[in-house]
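Going in written order, the chains are labelled A, B, C and D, and every chain counts its residues from 1.
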Amino acid sequence: MKAYLAYLSKRLVQFAVVVFVGINITYLVTHMTPINPVEQSISAATTYGATSPEAIEMMRQSLRQLYGLEGTPWEQYVSFWKRVLVGDFGPSLSAFPTPVSQLILRALPWTVGLLLVSTLLTWVLGNLLGGLAGYYRNSRVLKAFGVLSMGIHPIPYYVVAFVLLIIFGFLWPILPISGGATMASDRSNTFAFALDVVVHSILPVLSLMAVGIGGWFMGMRALVSNIVTEDYVVYAELAGVKRGKILRSYVMRNALGPQVTGLALQLGAIFNGAIITEQVFGYPGVGSLLISAVHAGDYSLVLGITTVSIVAVSATVLLIDLLYPLIDPRVEAR
Amino acid sequence: MNTFRIFRDLFRYNGEFAIGLMLVLIVLAVAACSFFSPYPPMDVYVVPPDVPPSWEYPLGTTSRGQDVFWQLTVAIRNTLLFGIVVAALSRVISLLVGLISGYKGGWVDRVLMSINDTFVVVPLFPILVLFYFIMRDQMTWAMLAVITALLGWAYDARLIRSIAMSLRTREFTRQAVFSGMSTGKIVLQEHLPFVLPIVFSTTMNNINWSIGIEVTLSVLGFTDINTPTIGGMIYWANQHTALVSGIWWWITFPVLLVIMLFIGLFLLAISMNEYIDPRSRLSRLGGQA
Amino acid sequence: MRFLRLLTVATGLALAATTAMSQTNVPGVPRNETIILENPEGTIKNPGWFNIWTINAGGQYTGLHQLALDTLWYIDPERGLDGVWENSLAAEKPIYNADFTEMTVKLRPGIYWSDGVEFTPDDLVYTVETQIKNPGMRWSALLALNVESVSSPEPWTVVFKLKKPNSRFHSLFTVRFNAIWMMPKHIFEKAADPQRFDFNPPVSLGAYKIHSFDPDGKWYIWQKRDDWQRTTLGRYGEPGPKFAAYIDPGPPDKRVIAQLNHNLDVVHDIAPEGMFTLTKQSPSLKTWFPNFPFAHPDPTLPSVIFNMQNPAFQNRDVRWALALLIDIKAVSMASYRGAATLSPIGIPPTGTHPDDYHIPLQEWLASYEIDTGKSKVKPYDPTIGNQIADMLRPTMKEQIPTDPAEIRKAFGYGWWKPNPQAATELLEKAGYTKRGNAWYTPDGKPFSIKLMVEGDSRPILTRAGTMIVQQWRQFGIDAKTEVAQGTTMLDRRIAGDFETLISWSVETYGGHPDLSFFLDSWHSQFVAAPGKTQSPRNWQRWSNPELDKIIEEVRRISFDDKRTVELGRDYAKLIVREMPIIPLMAYNVFTAMDETYWTGYPTSENPYANPVPNWGNSRSMMVKLKPKQP
Amino acid sequence: MIADLRSIPSSVELRAPQAAPLLSVDRLKAYYKVKLFGIDREVRAVDDVSLKINRNEIYGLAGESSSGKSSLIKTIAGAIRPPLRVVEGSVRFSFKDGERDIYKLSPQELSAIRWSHLSYIMQGSMSVLNPVRRIKHAFADFALPHVAAKGADFTHLVEGHLKRLHLDPAVLQAYPHELSGGMRQRVTIALATICSPEFIIADEPTTALDVIVQKGVLAMIREIQQEFGSSVLFVTHDMAVHANLTDRLGIMYAGRLVEEGRTRDVFKRPLHPYTAHLISSLPRIGDEAPKKALEGSPPSLADPPPGCRFHPRCPLAIDICRREAPPMVELLPGHRTACHVAQADPARVRPVA
């Protein structure tokens, strides 16, 4: 227990360091971009309208003040950390004065809902089928699935998504191809709304699964074909333990470790959103928010999203490290 | 056995290797054709646009008046080169970090793994896009390759570290230490051979991953569109709404070629692995006979 | 194994279940009473923000500025419902005093906000004063610079006292694309800080009020007001659609699919190929031109813009040489697949401009001569439009007009003939030399040009730029495109961080010959020093005493003075001589309209409005639209 | 050392063998059929082996590595997987509840006799237990289908079994990596014997254990065998272990059984030159010079020499050995050998000094 506590504290320090350095890297990179949020705002406001050069200069000054961009870089950096430590990312510069956190929180449920479901489904299915394929090597169905998933795996995601969209939205239009829910649907009827959201998420989820499943499938199949030659599997087979039991408790169980670590990383990364999915299917979420923030030079928003993502990934990695002994008892706290 | 004979035998007797090699060779041949292209790759409207695959234009022509085949030769060459550069660079980094960290342990390990973990958690995509804005027109594909490689080594370094860690406790390492071999020598001579199979398979994954990154960035328009790449072709096809306009050959053929490359590399990796990895070779003979 | 079977069955069931669900049906908003339009802003980041008077905080083209807001005057880029000039909230045109230091506005009584409060001069005075008081607001600077005081000395009259003479002050309240919109005083005065007030739900002055909007910013639905007669649109009759939905339909391919599925009545813009697909596959399609090139020419003028502060482009002969190297037919094909409306002069060939400028200048253009040092060349070719039409006819068949007038309207009134010989002579005159296949500058360096294009955000212009660069390269100039994606473009354009650029620095009213909308900002007084930020729209940073004289002259005469046309022609000739920008074509917008549910869209045959749905004056469309289905 | 181990009495001396042998292996041939780089190759791992094992006896099987002994016991256990397959011959058990031919059973029937009748202690105690599960789960997985007891009764059964074998029931809660090597091997043996099987195959169970631990493990096997009256097929290349433990001993060379007899007889009077060599190479107290090693190496089973497979290395080889494979002949009572020389004159074979 004491060793574990020592490990825990060491690991927590490492977590803090990783998060700190990670956020600093993104801070540096976002502030290196030449995009100026003030100019972006001015352009957006004056693109088509009447304007005069003198007025622009005045706008520029008042916006700098309004956005809090005055002061030395060091002062800005310090005030950034002061705010972040209390969980405040400040106002968005491209949707001033709306707080960044409000924008992120609005988009996050969609992203998390879509990606959590698709990531977990992909992981479970891919590993299950991959495990079966590694164990029942002669199954034709599984072989065919292997070939199929390997063929789809390298297709650029954009193309997969679009082909699905054309098939189910145009040639055989049975599924909605846009948005997270039907326009003007009644959100007070919880059940109907939930069903509507599910139906709208079918194509995005399918597309994400189509390209994602092959990786897990192939990884698991390779792991399992190694494990089936291990002595404990051979021995259990010799002992007449039921195949199903062997598959579950000896083969899959033992292949789980690396796959769980992979899953943790992916789950953490879902906070980045699925930019192309959101674009192709018009699905609401963090990804398009991020891209539009980058375009608008809204570094408050970019930093807000990347910080959430960095903390989420580090936290899941930390969690997995701490829980890993449950998956593989051989791993002691080092 | 000399290398040539190994390859010959593998080719003759290992179906997976043969198919894999054939696929990769086809892709390479297509890439090599780029040097004989009758059109400058960047020029548009050199042939009539929107011609479906025909005798004159076997893979059709694009809405930009480019011959899909010749465009594809240059695109696959650049994409392949990109993938290889990324894979090679990031392999070097992950091998160095992984082996040193796994072998040295202690504070070196902790520092290296902290750096490593930072790269694991930093969100790759926004950083790449931001870099695109920072570098602007200096963001050539070579630059992109370097940056992608710098961001793409961390996960595999952890994998290699774990292998190195298990190797460190093995008998021969102790022997080597007692016999006074230097760290570098131990790592290079004793550990590398055990790590190579994993490097091999991660290389394949990495090439595939980096091509995916390239395509994603291109589709969103965050790359240098002057250089023809697979992603660039999809970008331009997209700009011309090729899919709904029925110019399917503009997208289908690049995608097919990428699939061929991927499957080819995959088959090569598993068949080569079987050859390199003593354990799976043994299992083919059915354990100890 | 059993699991596999189960999976198959489950998938089948799920698919079957969704088939039943897929019909788009919006409760309470019947499809046949709704017009669905594309909002090119895409997804609104901050959907619940309707305070358009703050800078860039929420959506603008969500129907908000088209249907819910109103201001004093409108100028239609086409012919208008009742003439180009529309007195909207104002009862008559602006009244200036002799030296343009005072403007009087007579307001129209009997106009009401959607919450039943009457619109009064107080709202106008409040709008002006609030913005001046809050420097962070959108039109604050413009008003603060101009307005000394604003007051309503007698009922329905508002008087602006200006800080300095300004003959175009009314343009701040005149909608071309947009203008300063009226604020509801009775709502805003209750807000603590007008800069941090979200104005949700918005109170309308237009004929429509908010029905509902997507909390994720993908759609906004507006509903016709019961008291639509009490709005400025009311005098043209009842608007057709009961509901108007402004949506984000996604990438271009999806817009095409959505319209083919009749789920999107008005597509804002798509790639030419998308439009061609629609013309082939959608029998209910309506476009601005019934035939090729289909698109609506906006009163904006994409051009090759030289950075005139860059020494390489300070020689007029070099600029002319580069212009003569452009084969405009190929550029038209590469960018718009031939569907471009060309213009050789610095005025877009749209709206009423051809009558005022292009046609009267034909003769002058035809006789215009340049001296290459070795020969004299007449570069103008009035038949370019016909040539493009002939080129397209084999593939597009009867879609290509045959009537010469139609052809000129569609393809423009001619352009410069490509003339490499003259270009060579001009370059040699400027001291450039050709060695082998490459050109060298007078100081012996390779002649290289970077042409900045916008990439994704303006695909048509990116294509045009790619083609022009190719033509320069084939001539032996080391030319390259540089992609500056969307926002980088804006930054670099104002910073002067480019050599050449495809963009527009010319934007006009379209329906009115006055050019001051853009031209005033071209005065040399606003040109920034190299390295400093240039304000819109003189991106070329060109200063010319002759131009200054024209601008100052324009400032002295009133908006409707006949002399504006004369001065405009002088400007056009000056641009031809100096070539600080190489004007290419109108920015043609492929607005696709679907007649499944609505008819009566504006077209070139009935050009009562600009069909492009993000323009403020596209509201006129509503009163002309008639339901197709009961 | 050897003298110490001898203190355990041989079971044969205690109980007379029953009439019907428990295991009869008849002319068994099991080959690996491998397609390596496209060339069909046959590895004759078990080539024409016949042997019988009686009830209540410990039968030892000795031979160098790659002599085919592992393949033989896998074949006997019915635990072969492609590419190893039975080409000819049969493996029959006469269990108390009936006779069974292993290669005529359905997979279900085979599963049913495993552990309850036929049990197996596999080589490599380090890795035969699933590293990520507690030991109690292994007991449940392996034995639960074969016993009537469920739930708490089953736990009692397991704990009782462990106690009988002088093991602390607390090991059930442990993970394999938490136990020492010897402890793990004891647990494995306990696991293999939980259902009181009639026949136990033990494949090198003491290899890689140090001598003290080895002794304990051997004692444990002997004890179990006596208590249950099981038969044990004990495989090891360590002749010293055979000398101390087994009742009868079979010697394998290059896929064939070359000699078989009561362990005492084989040690006292080896009838095959190879056996003679094995015995003489045992270290004895007082040895000074290192033992002379046999020249050459065991033949490749893919391409065995004609005639007697030992002839290239045999100091006594005569002409016929190069041509004809010697049959297995009983020269002395219960003592068979396959050697042309011995069959001609048994006295010619003697341990090399």
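FYI, a contact is a pair of C-beta atoms (placed from the backbone, for glycine too) under 8 Å apart; a residue touches a chain by one contact, two chains touch by 3 or more.
This structure is a prediction, so every number in the text was calculated from the model and none was measured.
Visitor: Count of steps on the shortest touching-chain route from subunit C to subunit D?
Guide: 2
Visitor: Measuring centre to centre with C-alpha atoms, which chain is farthest from subunit A?
Guide: D
Visitor: Looking only at C-beta pairs in contact, point me to the busier pair out of A-D and A-B.
Guide: A-B
Visitor: In terms of Cα-based centroids, which chain occupies the most central position?
Guide: A
Visitor: Between subunit A and subunit D, what is the gap in Å from one C-alpha centre to the other?
Guide: One centre to the other, that is 56 Å.
Visitor: Starting from the mean Cα coordinates of subunit A and subunit B, work out the distance between those two points in Å.
Guide: 23
Visitor: Nearest whole angstrom, what separates the Cα centre of subunit A from the Cα centre of subunit C?
Guide: Here the centre of subunit C sits 38 Å away from the centre of subunit A.
Visitor: Could you work out how far the Cα centre of subunit B sits from that of subunit C, in whole Å?
Guide: Spacing between the chain centres: roughly 45 Å.
Visitor: Where in subunit B do residues touch at least two different other chains?
Guide: Within subunit B, the residues that touch at least two other chains are 133, 136, 220, 238, 243-244.
Visitor: Considering subunit A alone, which of its residues make contact with at least two other chains?
Guide: 34-35, 162, 166, 170, 279
Visitor: Counting only residues that touch at least 2 other chains, which ones in subunit D make the list?
Guide: None at all.
Visitor: Going by the contact rule set out above, which residues of subunit B touch subunit A in the complex?
Guide: 110, 113-115, 117-118, 120-123, 125-127, 129-131, 133-134, 136, 155, 208, 211-212, 215-216, 219-220, 230-231, 234, 238, 243-244, 251, 255, 258-259, 261-263, 266, 270, 279-280, 283
Visitor: Under the stated contact criterion, what part of subunit C meets subunit B in this complex?
Guide: Counting only subunit C, the residues touching subunit B are 251-253, 256-257, 270-271, 273-274, 276-277, 330, 333-334, 337, 450, 455-456, 459, 462-463, 466-467, 470, 480-485, 487-488.
Visitor: Quick one: which bits of subunit B touch subunit C in the complex? Just the residue numbers, please.
Guide: So the residues of subunit B in touch with subunit C come to 42-45, 63-65, 132-133, 136-137, 220-222, 224-226, 238-247.
Visitor: Quick one: which bits of subunit C touch subunit A in the complex? Just the residue numbers, please.
Guide: Per the stated touch rule, the residues are 1, 3-4, 7, 14-15, 18-19, 21-22, 24-29, 42-43, 45-46, 49, 54-58, 135-136, 138, 140-142, 144-145, 171-172, 174, 176-179, 195-196, 211-212, 214-219, 221, 245, 247-251, 253-254, 257-258, 260-261, 485-488, 490-492, 494, 507, 517, 520-521, 526, 533, 535-536.
Visitor: Could you list, by residue number, the parts of subunit A that touch subunit B in their complex?
Guide: Touching subunit B from subunit A are residues 14, 17-19, 21-22, 25-26, 29-30, 32-35, 150-151, 153-159, 162-163, 166, 170, 218, 222, 226, 229, 265, 268-269, 272, 275-276, 279, 290-291, 294, 302, 305-306, 309-310, 313-314, 317.
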